[in-house]
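A quick write-up on the structure given underneath.
Labels for the chains are A, B, C, D and E, by order of writing; each one numbers its residues from 1.
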Amino acid sequence: KDRYVHANNSAYDTLDPHTVRDVARVASRLNFYDGLYRWVDNPPQLIPWLAKDHTVSEDGKTWTFNLRDDVTFHDGTKMTAKDVVYSFERMLGLKKGAGSLFLPMIDPGNTVAVDDYTVAFTLKEPSAIFAALVPDILVVNSALVAANTKDDDMGQGYLIDHVAGSGSYMLQRYDPARGFIGERFAEHFAGWGEKYLDEIEFRTVLETNTRIQGLMRGDYQGLDGYLAPDQVERLREDPNVQILEEESMRVFHFAVHNGRAPMDDKNFRMVLTHAFDYDGYINEIMKGTVARNPTIVPGNLWGAPKVPGYTFDLAKAKEYLDAYKAEHGEEIRTLKIGTLAGFSETEQAAALMQNGLAQLGINVEIESSPWPVINSNMQNPETMPDMVPYWKSTYYADPNNWIGEQYGSRYAPTRNVSDYHNAEVDAMLEKALIITDQAERAKLYEEATTQVYNDAAGVWIYNTKWYGPYASKLKNVRFCPVGNGQDMRWAYIED
Amino acid sequence: MTETPILSVSDLTVRFPIRGPFARKLGEIRALDGVSFDLAQGEILGLVGESGCGKSTLGKTLMGIQAPNSGSILFEGTEIAGRTPREARALRRRLQYAYQDPGASLDPRWKIGKSLEEPLIIHTDLPRRERLEKVREILSAVGLPAGHADLFPHEISGGQQRRVGLARILMLNPEVVILDEPTAGLDVSVQATVLRLFRELRDTFDLTYIFISHDLSVVRLMCHRVAVMYLGRIVEMGPVEELMEHPKHPYTQSLLAAIPRVNGPRVTENFWLEGEPADAAKLPPGCRFQGRCPHVQPICRQEDPPDRMVGARSVACHFAGDVFPPKPSTKEVQNA
Amino acid sequence: MADALLTVEGLSLGFRGDGGFAHILDGANMTVRGGEIMGLVGESGCGKTTLARAILGVLPRHSLEIRGGRIDFGGVDMLSPDSAEAQESVRGRRVTFIPQDPFTSLNPVFTIGQQIDELMKWKSPRRAAGSSRAPALLTPYPRARRRIDREKVMEMLNLVQLPRPDQLLRKYPHEVSGGQRQRLMIAMALLPEPDLIIADEPTTALDVTIQAQILGLLRKLASDRDVAVILTTHDLGSAYEICDRITVMYAGQDVEAAPVAEFFNRPTHPYTAKLLASLPEGGGGMTGIPGELPSFYAPPPGCRFQTRCERATEGCRTRPPANVAGPGHVVRCVHPLFETAAPVQKEAQG
Amino acid sequence: MRRLEIILSRLVWFIPTLFGLVFVVFFISNVIPTDPARIIAGENATESQVVALRAEMGLDQPLHIQFGRYVADLATGDLGKSLYTQRAISDDLLHRLPATLELTIAAMIIAIGLGVPLGVISAVKRNSLIDQVLRLLSVSGLAVASFWLAMELQMYFSTRLGWTPLNGRIAGWGPEDITGFYVLDSVLTGDWASLWDAMHHMLLPAITLALPAAATLVRFTRAGVLEVINSNFVLYERAMGMPSAVIIWKYVLRNALISTVTQIGLIFGTLFAGAVVVEAVFDWPGLGTYAVQSILQSDTRAILGFSIIVGVVFIGVNLLVDILHTFIDPRTLK
Amino acid sequence: MTALKRLLADRAATLGAAIILGLILVAILAPWLAPYPEDVNSFHLTNRLQPPSAEHLFGTDRMGSDVFSRILFGARITISIAVIAVGVSVAIGVPIGLLAGYYGGFPGGFLMRTSDVFLAVPQIVLAIAIAQTLGPSVENVILALSLTYWPFWARLVYAETKSLKAQTFVEAAQALGASDFRVMVLHILPNTASAIIVRTSIGMGATILTAAALGFLGLGAPPPTPEWGRTISEAREFLPEAWWYAAAPGLAIFLVVMGFNLLGDGLRDILDPKLRKGN
């Protein structure tokens, strides 16, 4: 029996596919559940999954999906349109995870089962990104969930540690403190290749160092993909370990508070963009494992403009600073950078920025907080620190995920945390959201992004490469930035 | 002793509750149970009794350190029981208590001189120079070299500590001093010098003493009158010689018989008293000596005997004057 | 005259501490014969307890320094570490101990019965000689012997007039009164059927009436069983009560030893006389002995009383020999109050 | 009965102390700068969703009303839901409790087995070389930061030498779950391989945890023995010629243990607390790891729950110690 | 004077005192002692994670800074955390314990119950709860430690006061007519001093350990503060290769805590007459 043990850097505290939508807990969603479509490969590609195909109505509002008729859930029940409707309404009802992404586009009650194998969604207005979100419509076994619903909780109590899905693996054991074990679901509709993993175990191992040691010792066959370059380097030297390398879409940048002095002045923001040692950071701290990304949009995605990128140039920064001072006076208050506790790259980036600004006579304080704290602070312009270095990951492979969400007024203040408002940019972003022609959309995004770049609305640093550390024996890991390489149905072990 | 007594105590009662968990009262110790006596100016009243019979409690209650449950204490005609702290403080200057353990009554971190100075700081406005002057005077009065002012309590001997304890009290020119077991734990040779000191100080400073002791022979040497306590009560009181020669209470009788006396008859061989004092928390009804008394009668188990005057003596026994110690054994002690 | 049971000869020892060497015992001598009650008297701090503990071998080892002398109990050298095993079998069996403070000398967390059993397990007279080689903690207490021992214990508890002994055995020490505890200690001292009991101020913690009971009991039991007793006390009255002979110590030296009557009526050493006079009943009840004890760190050479003695001369600067002042009465003084003679040869060996 | 009364009077204190604890921790944790509703609502929630959720959770109520609700829930054993995972905190904590208890008990056993005898030896051989060495070691044991020691031990014994497992409680999924204590469960089910594996995994974390505790015990036992060894009853026992092994290991130790037992109660608490960092290093799936995770996720409610459960265990253990005291020290019943 | 002499006579205590003196000197003189004082805030990214060498005694860290220099500067943080937190705890705990012990009764009981509550949870747990609530910073660590540590002193002083209050010399002072304030401040407090000093010395060590643990958990000072606990947690990522990175601050903590403990032990022997007699 072939087993795969994966060491994850955070806990699988819930198996409910509809309440969370983060990369940390993607493995349970991908391996236990199926969506209407599925993202695969890199660059990400949508392939039909539970749905065979779909059509969009003339007005662009009604999306009709034709479902497969050979899908069974783990308990043997056949999957029908009813399950899809139930699942989607559940997502909207829970307002968590992907549900809250759909809520602005579609109201509850607008999803209907046309027949047993046809589902229709009627949106409030045409949406260019609905398609990108379709893989998030993970279908649960409605009968099973309904049977286990207590006090109108929509089965939350049940699904938190049970699986009611049709996915490639069936839940065998689960312990929120340790992780889960999945057993291959032989009757999966997509069938299985020649070789496959009989059992997958996803285990929580919080310590990076322990994960690495465990992989080298053979305790684990795969790790959570984000490793510091020093660690990647170390793993490379181990003969039992292979490092898969992929282009990724995870842009590391400083979100800068554009609404607060002194950053409300473009000259000062220019100071910031020129005060960061991009090369030092990328070449030394990241050991060259990442690529410079001059804007918020990943360079390997369509819609990214060709701009040179700002450089570390204190002389230039000084000029901008002088210009700023000529207008606003000598005095510059101490700036505050919020970092993510436990994510040393953010700390090191902050320290580097602090160092650069210190040489210009600007004082910076660093405050490190856990992600939930800083995240909730960022969502309020009052409490948003002056700068926050963090990553913008791929939730769906569309430029809107980056430029739209980070700098469009529609997303302020929840995801546009920079308090950046530019009517021109907004107009372009809004237009790109409702038209479906990719070429035209690409142009709009390039323009909008260039505008934001010229405004120096943030300090954009790099686009992550993905390094997948796996046991050498593990083959055929199909990496996709959306699933982070954790869709295990394709992989197998070769002795 | 016809003049009004300097101190007059009547029916003084002190009880200590015994508390268990939840502060529940489990019982009480009758440390003082209706104690009455008068003290004349210049008199030395001895107070004897077994350990735990309430001698110190009586002393401390007179002092005002311990509040009585009931009863009155007249000091020169004024009631001092239940005074406000301020008034009590004024009175305390003239009524002082010398602790049983003089070493422990001195702050271990203070030099002798500083401890002696303290009463003056509290009660007078004397400038420092005069205070130091008084300290020197008093040290020589109790027979200590002035250099001792710079020593710590643990650096001097027990006898010297006792002198310091006295000196500290004398700083306030008291009239009545309660000496609590002033010779306990001292060797006979040291004891003798300490006793002489008390005598001398009494003459010099015109003091009245209450002399608490469990050593009858010392009491006999020092006191005019003696009160014998047993489990919180004065069971016999009277002039010292008379009481010692002809004890009337069976307890006094046995107490006297228990003391080994050099060249006297050997008492231990046929000492008649059996058992130990009853638990102060569980006194039986009736006489508190009933459990050990060789003359016990039914009435003793029912009624607590009142104080009876037999001659110059008050005795708390139903049969005072009628009972005598068992005859000492005829077996003569071999003497040289 | 019976042969000496215990002989202490020229015992000289002290403790090394922060302040230097405290020379506590300086050539101390004592002889106890079988069945006699020997009073060891002297003022507080003169070394009574130290001498008693030296015999019992329980002086604090780390600071102790023995400078010379000898303790002999029935042929066993009680001082030399070489005869540790012989000492072990003497202690608790042939020599037992009654402590000063019955309140703290019993182990508070074991019942009285457990403690007596443990004692009898090791020190019962019925225990076969030549102890087993098993580690002490694993040594069993044979059932048969335990039964007999238990009977003897009950007998003894009755003898010391402890009421309801069976209940008493189940009690913890804090549950019985001081007088009863001291009776218990007497019983425990007698149970191993020893030849000598060392009682270190057994009544100072007790009241006079109880003291009278205890002293009487001790005297009676000791003479009934022909057990010798060393009774240390600073209460001359108690010593007078029950002792056959008395040894007086001053500052770590024995100064005079005499039969009890001689002692009180014909004190020959100036110190003894002054001590007796200091008693409240004595003539000097308010005089005492002027001066203070010499420091143990720098004692004067020779007789240590010389600093307070008005008869002292140059000759006192060497330790006087034991002169005979009467039958069984020896004095170490250059200027005795009564005439003394140099000892005859035999006495010196005694 | 006296003992019952003492136990009851201690139990009566349990409730107000616990209440006070909840009070303190609750109010402290509500100074928090985060908005729980926002965390629960998730990144994609709109402002109105957050407001609605806040109302639903009662977070718009004044603090004292929130506190009242919390206490009322607590009385039914409900510690609320984790802000981050939405799981019932009480379930999470109870689920992890056996892991931590198993580790702390193992550490306790090591600490007692090491600390008490060494303390006795150190006292008996006072001022000797062995005493000096033991004293130095015990001072060192208290000076080491346990998280650092854990890291260094792990680095050396697991990474470099490979003698011990790297992390976790067991290699596989463990024995059948009966009590949640792997050692116990493997014995109950006769799963000897798991027993061995579980103990092997426990070795390093338990030792790390036990070291400071053992050091404390050495010190307290030494002091206790020294105090007792100079007492009159030991003098008496020695004068009566009792074998010294019996005196030391039976009479003296039993008395010295009276104060040591109190220490053991306190130490258990510190072990529990020490588990926070040691578990984090060894990825031990217990309360400590949970606490660290909750810290990283700023899951106030979970930390509140964690503090309360540690408080309960700690107070409970001390209660137990008090009760034990009435057995080993008869004087308490006086 | 004599106490100092006795202290110097105790080898362990002298060592402890020397270590602490050294620590204080290092903290004060850090800018002069450190080979690369500027490395606290500046980086040499090309020089990252160098093993110990002549130039870098303890090697370099993830930003290429000199670990040794940062450790020296870390002493300042450690010292100020310990001194302030313990100082505040003493300032709160001692008066409370004194008043509660002296007056007893309901207020005394209440104060002690309050401290019971704080003692009911291991200190680090409470400190974690507080520090994580307030957010990570040195000030908050100090606040958390002070809030959780004062009961130790309150307890200690309470117990001492209660037993001293029962002592004859206190009663004697009262009997002489001394006011409560006088008795408390002049008689009782000085007699609790040695217990407080001993507890404080050992408390410093414990505080440093707790503060380091908080730093390790990410609840302490923000980067790039050279606080020792956080340095160790930074270093974890680079183990086992960069062993020096974690070893140096770990040893520093060990040494300092050891210093306080040794001193505390020594002081206990010297100042506590009860134990002195026992030895």
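Definition applied: a contact is a pair of C-beta atoms (placed from the backbone, for glycine too) under 8 Å apart; a residue touches a chain by one contact, two chains touch by 3 or more.
Labels paired with UniProt names: B, C = ABC transporter ATP-binding protein; D, E = ABC transporter permease.
All values derive from a computational prediction rather than experimental measurement.
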item: Chains touching both chain B and chain D, listed by label; value: C, E
item: Steps in the shortest chain-to-chain touch route ending at chain E and beginning at chain C; value: 2
item: Smallest number of contact steps required from chain D to reach chain E; value: 1
item: Centre-to-centre distance between chain E and chain A (centres being mean Cα positions), rounded to whole Å; value: 44
item: Chain centre separation (chain B, chain C; CA means) in Å; value: 33
item: Centroid spacing, where centroids are CA-atom means, of chain A and chain C in whole angstrom; value: 90
item: Centroid distance [mean C-alpha coordinates] between chain B and chain A, Å; value: 89
item: Chain D: positions in contact with at least two other chains; value: 33, 126, 159, 280, 292, 295-296, 298
item: For chain E, residues contacting two or more additional chains; value: 132, 135, 218, 236, 239
item: Sequence positions of chain C contacting 2 or more other chains; value: none
item: Residue numbers on chain C that touch chain B, as the complex places them; value: 43-44, 177-180, 207-213, 215-216, 219-220, 234-238, 240-242, 261-262, 264-266, 274-276, 278-281, 284-290, 292
item: For the chain E and chain A complex, residues of the former touching the latter; value: 41-43, 45-46, 48-49, 62-64, 132, 135-137, 218, 222-224, 234, 236-239, 241
item: Chain C - residues contacting chain D, complex; value: 53, 56-58, 62, 87-93, 96-97, 99-101, 104-111, 118-119, 122-123, 135-137, 172, 174-175, 188, 198
item: Touching residues on chain E, where the partner in the complex is chain B; value: 167-169, 171-179, 182, 187, 190-191, 273
item: Contacting residues of chain E [partner chain D, same complex]; value: 12, 113-114, 116-118, 120-126, 128-130, 132-135, 147, 205, 209, 212-213, 216-219, 229, 232, 236, 239-240, 243, 246-247, 249-250, 253-255, 257-258, 261-262, 265, 275, 278-279
